[in-house]
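In the two complexes below, subunit A is the common chain; its partner is subunit B in one and subunit C in the other.
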Partner chain A sequence: MSVHATSTNRFLRIFSGPFGALLALLYAIGVTYILTQDPRSLLGRLLLFSALALIYFIPQRPAVKFLLGAVIVLTVVPTIGLRNPFLLEIGFQVAVFATLALGLNVVVGFAGLLDLGYIAFFAVGAYLWAFFGSQQIWHINEAPGTFTVYPYFPFPAWWFWLFIPLGILASAGTGILLGFPVLRLRGDYLAIVTLGFGEVIRVLANNLDKPINLTNGPQGITPIQRPPLPAFLTTPELLATLSQWAGRPINANDIYGFFFYFFGLLILGVTIVIARRLDRSKLGRSWTAIREDDVAAVAMGVPLRRTKLTAFAIGAAFSGAMGVLYAANRTFVSPETFSLTASISILVMVILGGLGSIPGVVMGAAVVTLLNIDILQSLSLQLSSLRQGPDSIPLLGIPWRELPTQLDPARYQRFFFGLLLILMMIFRPEGMVPAERARLELHEGDAEPIPDAELEGDITPDEKLAD
Partner chain B sequence: MSVILELNKVTKRFGGLVAVNAVDLRFEAGSISSVIGPNGAGKTTIFNTITGIYKPEEGEIRFDGHSILGLRPDQITARGMCRTFQNIRLFHNMTVLENILVGAHTQTPSTAWGAVLRTRAFKQSEEAARQEAQRLLLYVGLPRGLGDQLARNLPYGQQRRVEIARALASKPKLLLLDEPTAGMNPQETESATQLFRKLRDELGITVVLIEHDMKVVMNISERISVIDYGQKIAEGTPAEVRKDQRVIEAYLGRHAESTTISVH
Partner chain C sequence: MHLRRVNPFKEILRPLGQLLIFIVGSAAVISAITLLIALLLRSTRTDIDILQVTLVLLPQVLIDGITLGFMYAIIAMGYTMVYGVLEFINFAHGEFVMFGAFAGVELLIWLNAQGVLKTADLWLALIWIILAVLVGMTISGTLAVTTERLAYRPLRGSPRLVPLIAAIGVSFLLQDTMRFLQSAINGDFYRTFPEFGPFAQRLTLFTIDMNGRPINIAIQYKAIMLIAFGVVMLVALNYLVNATRLGKAIRSVAQDQKTAALMGIDVNRIIALTFLIGGALGGAAGVLWAFRFTRVDPYMGFIPGLKAFTAAVLGGIGSIVGAMLGGMVLGLLESFSAAYFSIFSRGAFGAEYKDIFAFGILILVLIFRPQGLLGGKTTQKA
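Up next, the complex of A and B:
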């Protein structure tokens, strides 16, 4: 383990100093070049992601890293996204799931309350805008599938902006609602009750098509309005210019791709800042304290009930905003999205990335989302195109055509998650980017030098060794 | 002197078991007192009842002139009573400084909104809390550089001191120490005893100990209450208690008439 850590450090040391920053920039430019040559290349996308991950790990000042990251996220991705909108879609989904994972991380990672029904809060946000942003209000007395779609909506589309804060409030409220009955529960019992709660919300969504049709049942609600784009973003001149750059026709729908990408990133960014600041505050310490020993925490004056409820409420609030955005992005919401598997997926992101670690959780969300919607799908796609060709598998000599469809990589999604989790738990139980605390906890002997940026207060490493 | 903590006929039952039976206790403000008794006598249960972890079935508990019956443990702490635990309950995976900062919970005015918005008030209150925690670290006799260590990595004696610093951070008027010298060697015990005295003399904190080490008890306490089978069997100065027949019986069994509790 420690050998691995030092060799990684030696590799990353190349990226120190101004030369290192330039090297990282060159790497990013190289990746960009690959993607401009072939915007649809899976390898290019993976390299782009690796560039972002690399930038996080290199020994540079936070400002430099932030700048490099911002260049990729704010200029490279949108530029390539003009030619391949799928990249923006991936970016948006990563932002959505990273925000959800951060919210769950507040509950599970910070406060240590295992929540297996977290997706329910996302559902609350999504259904809130689905109901008010669609024509569902007119159909509450009609059975699903019997009504017609009108060209106009009960509320103007710009109400979307009102529903972002409303979604936050509704989800936070639901979080508190869930919090009350489970205040006395711990560990396994809490996990089971939250699991039940998640299922209750999904089953409600599935069945509230009668007696009054609120959710339209399993068919889901559609169409849901998107917020109106400002007129200057959809002028024919601008679209024409963009089309020229992109080499393909760009319409208002593509502009929405950009909108959701940037707005998703904005919410993610705000979430990261809030989670980080709370973690380093009195409230964050109280969460950790009740996670560590709730009896001692309460004896020190930490109000158990309120501290747990704020964890539930704040964790839920993050996903509420994303729920509203997600409903607008999909223009369609159905109970399927909010299954137990989705809750588990988000938990996997948190654990994979590093329980309690904000950068870890974001990275975990990115890896799982990429694996989910990009890597495995792309491999399956490639396999099926090979299957249609006349070639044979090298070495084995079996024609691709005869390869059974059971071997389709996309079918093994859960298998890969499971494998990944098992491997992580064996080799790196603290997650990809462990929380500082977990790192101290699990690798006391490894004596890794603490990067300067991480040091707080006036104690230098030398002083520490002197003790 | 005024009474800071008063228990009137406090009874705590667990099912059929009467763990604390109609116990009366009074502690003078600014005193150092001990509660002693054989293992399983109900001493820790009394502490847990006082601090609100258990709710007594009968009786009244008054702290600083007000009844604290029915208050939650965190509310009682906020009123100026704090404690340590028999089997050290530090937050093991938090640093020493963070542990003390949790103790300062009721003394830190910062809010979640302040933390999110990084207001000036938030920064000031955090900085003040950190400085105070650092000061307490030194006050209980821990080395300066210890603040960044995880609590679990500290040797036993230092963990005890961190626990006291954490309790002090809540600015208590009354400090309840549950077997604070258990597991310490004689030197550590001696310096811990000095610390308890310092808390009273310098900070004016009323100290109540549960203690098994008779040397500590006899040496430091102004008054001693003896508990056996959930009942108070004796009370008085160390000299009085040492001679009390029922105390001798409780500790050494009946028919031990001529013995006194020996001080090693």
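Up next, the complex of A and C:
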């Protein structure tokens, strides 16, 4: 991605040239140092994320940026992760949700079809492996909660690898299934129908414990098998060496943490490449055409049905593989995971980052996931520790102890998502890292000079202020 | 539109007649289909006489369905009016319903704590309920106007997805705002409608003799009141839209905003008033919903909102008469599927599938008749 020097602001210009690259590296090293001193610090994690974001924005050659990013993601995170596995967990979740957001971005961002039930495709992938990777197949004639858990499974664990492509196929098929009836709908009608579809999938997951027990109802399916680790990763010598490095005992479970982190990143990487290729393909241009004006697109010879269906199928396919992986990671699935809030949170990621912008969507996913599982949770922990102490709330004079537990910040995800959606729509509908076309379209009437088209989605704080 | 002299009497009678036709018509059709299925299934069951079970349940199911239908119809008015004027689905309408419900319930809980409610007889209790409904209407109407001013007006003229996404945001924000308020004040986030008055009593309409067993066909006072509220509100709204100056202004803005503005209509004011009316109706429906189902929580508005939207689409979005019909059909269908689905499938599928029914209908209508049952030309615009 080439960067135009004039459009870069003064602050980021410090990071240009070999000196700048060194500076960015120093920043990353500084953050790493903070994290090695205190692997559990929230500030350290946020700074690490800011280092990644900074590397994306600085005016360096793509190869340099890629190298710097890879150093952080592939060496710093796992090293710190040895001492604080939570970091790996966050990394995995970011990878999962970034992939989902990229899938939704194909449907909403590229093709302009607002899908409010996107999590349903994720659910299809997750429940597919949950059913075949657990003992559920033996219990289909028993009511939930009445059966015993055996120490062995009907199918070998390596079938997981078969189910990754199967999950993709199943989700893509579900996408087409949803796509067919809604082909004729546009805009807001489509949004409502997809929302209904998402609810239908959730209601089915909740209630298909009878007449035959396919989903085990609200209790969810557990245990689900994880894929077998290659033997060389779990040798006692390796574990002993790692334990020595980490300063704490490392067992096979921790190795699974690494496995899921790297495998999640791999799928995310593949997804990013596919999404980029799609965006620039003939199909991608067809999506843009039907998004902008479907009547004109049809007049120009774009096959409307096929183009829309492929958008649904490809968008859904992205989440299918992640569904299988997620089920294996959690070893548990239940309908709760696939609520409307989850669908909307993925939409928030796409919109926050920028509709149609691949780097934006990944960044949006990272921000929302961090907010969701790290920042809000940390606030909740802080609050509950305050609640156990004798202090009072400043200014109000009420003891923390008497604060209702219902005021736990982790319970107010919807509040933050809602606020983010409204503010983004009013002040910055094109997102943090807008796609070039979206920015041009949403600021048609503005007097602002249009930045060089070479930018391809790069945005700098200068332009942020101008907006 | 040419000027015509409005006969106020006719403007009240016409919607009454329409309502009656819709209720009787849809009730008859759905009952007939259900009885037909029962008749067909009769030979497969030996343990119980399925036709008899169906018949015994029928009156109660009908009453439930009609009260539910009125609530859906009232909520659907909010969607359909806003859609008619702005061509925008106000996703947060369900949350206006929720706020109204909380306002009404909080008032009644407060009154209950003062000890006024315990001694109330039927008429006094009725006055308290009306007061709660009015408070709910005020709160929801104010909330709707504020939301329009702060979140929707800045987005007018943006691409279509932009206000829709903002509306989803408003919906989420309002849910958790109420949750926060309730948690901070009461320590918990749900409330219960206080029990008072003789509303649970039943009025026996008639008794039928079923194989020597007398079966009372009775209707709760509650249901009578819900239906009466529904009729009054729907008729009043019809009158407002069809027979007053304001209604004419609303209709003209719905037809063409620019031309309406040229004719001297303050478009912004009319849009705000539309939100006020829609929101107030939603608030009233919320109090009635709380009255019917007792429990209120911050997320209660969402599913009814979605169903009411389905009702509005079913009847033809933008059409007020259509919303009445759609609400009635949907309420009856839901009540019937909740009651009979489990019986007909021998308990294999429970009442939970009623939501799937509602959404299935929405999808079918949108595919085969996107203009709705009563919509004239297609209302779906790009």
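Methods note: the second predicted complex is superposed on the first by the 410 of 467 C-alpha atoms of A that agree within 3 Å, B and C clash if a C-alpha of one lies under 4 Å from a C-alpha of the other, contacts with A are read in each partner's own complex, and residues count from 1 in each chain.
The rule we apply is simple: contacts are C-beta pairs under 8 Å (C-beta built on N, C-alpha and C of every residue); 3 or more make two chains touch, one makes a residue touch a chain.
From a predicted model like this one, the values you see are computed outputs, not experimental measurements.
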Report task. Mind checking the superposed model to see whether subunit B and subunit C fit together on subunit A or clash? Result -> fit
Query raised in the report: After superposition on the shared chain, which partner residues are touched by A:Glu237: those of subunit B (first), subunit C (second), both, or neither?
Result: neither
Query raised in the report: Should A:Lys282 be classified as contacting the first partner (subunit B), the second (subunit C), both, or neither?
Result: first
Requested in this report: Please indicate which partner A:Thr310 is in contact with in the superposed arrangement: first for subunit B, second for subunit C, both, or neither.
Outcome: first
Query raised in the report: Which of the two partners, first being subunit B and second being subunit C, lies in contact with A:Ile344: first, second, both, or neither?
Result: second
Report task. Would you please give the vertex angle at the Cα centre of subunit A, with arms pointing to the Cα centres of subunit B and subunit C, as a multiple of 10°? Result -> 70
Query raised in the report: For A:Ala296, is the partner it touches subunit B (first), subunit C (second), both, or none of the two (neither)?
Result: first
**Report entry** Partner, of subunit C and subunit B, that touches more residues belonging to subunit A
**Finding:** C
Report summary line: Superposition result for subunit B with subunit C: lowest C-alpha separation, Å, rounded to 10
Query raised in the report: Residues on subunit A in contact with subunit B in one complex and with subunit C in the other?
Result: 295, 441
**Report entry** Contacting residues of subunit C [partner subunit A, same complex]
**Finding:** 88-89, 151, 154-155, 158-166, 168-177, 179-180, 182-184, 187-189, 302, 306, 309-310, 313, 345, 347-350, 352-353, 355-356, 358-360, 362-363, 366-367, 370, 380, 382
**Report entry** Parts of subunit A lying in touch with subunit C, wherever the complex brings them together
**Finding:** 108, 112, 114, 116, 181-182, 184-189, 191-193, 195-197, 199-200, 203-204, 206-207, 210-211, 294-295, 340-341, 344, 347, 351, 404, 406-407, 411-415, 417-422, 425-426, 429, 441-442
Query - subunit B - residues contacting subunit A, complex - result: 51, 53, 72-75, 77-78, 82-83, 85, 89-94, 98, 101-103, 105-106, 108, 110, 112, 114-116, 118, 122, 126, 129-130, 143, 145-148, 150, 152-153, 166-167, 169-170
Report summary line: subunit A contacts subunit B in the complex at 273-274, 277-278, 280-286, 288-289, 292-293, 295-304, 310, 314, 437-438, 440-441, 444, 457, 459, 463-464, 466-467
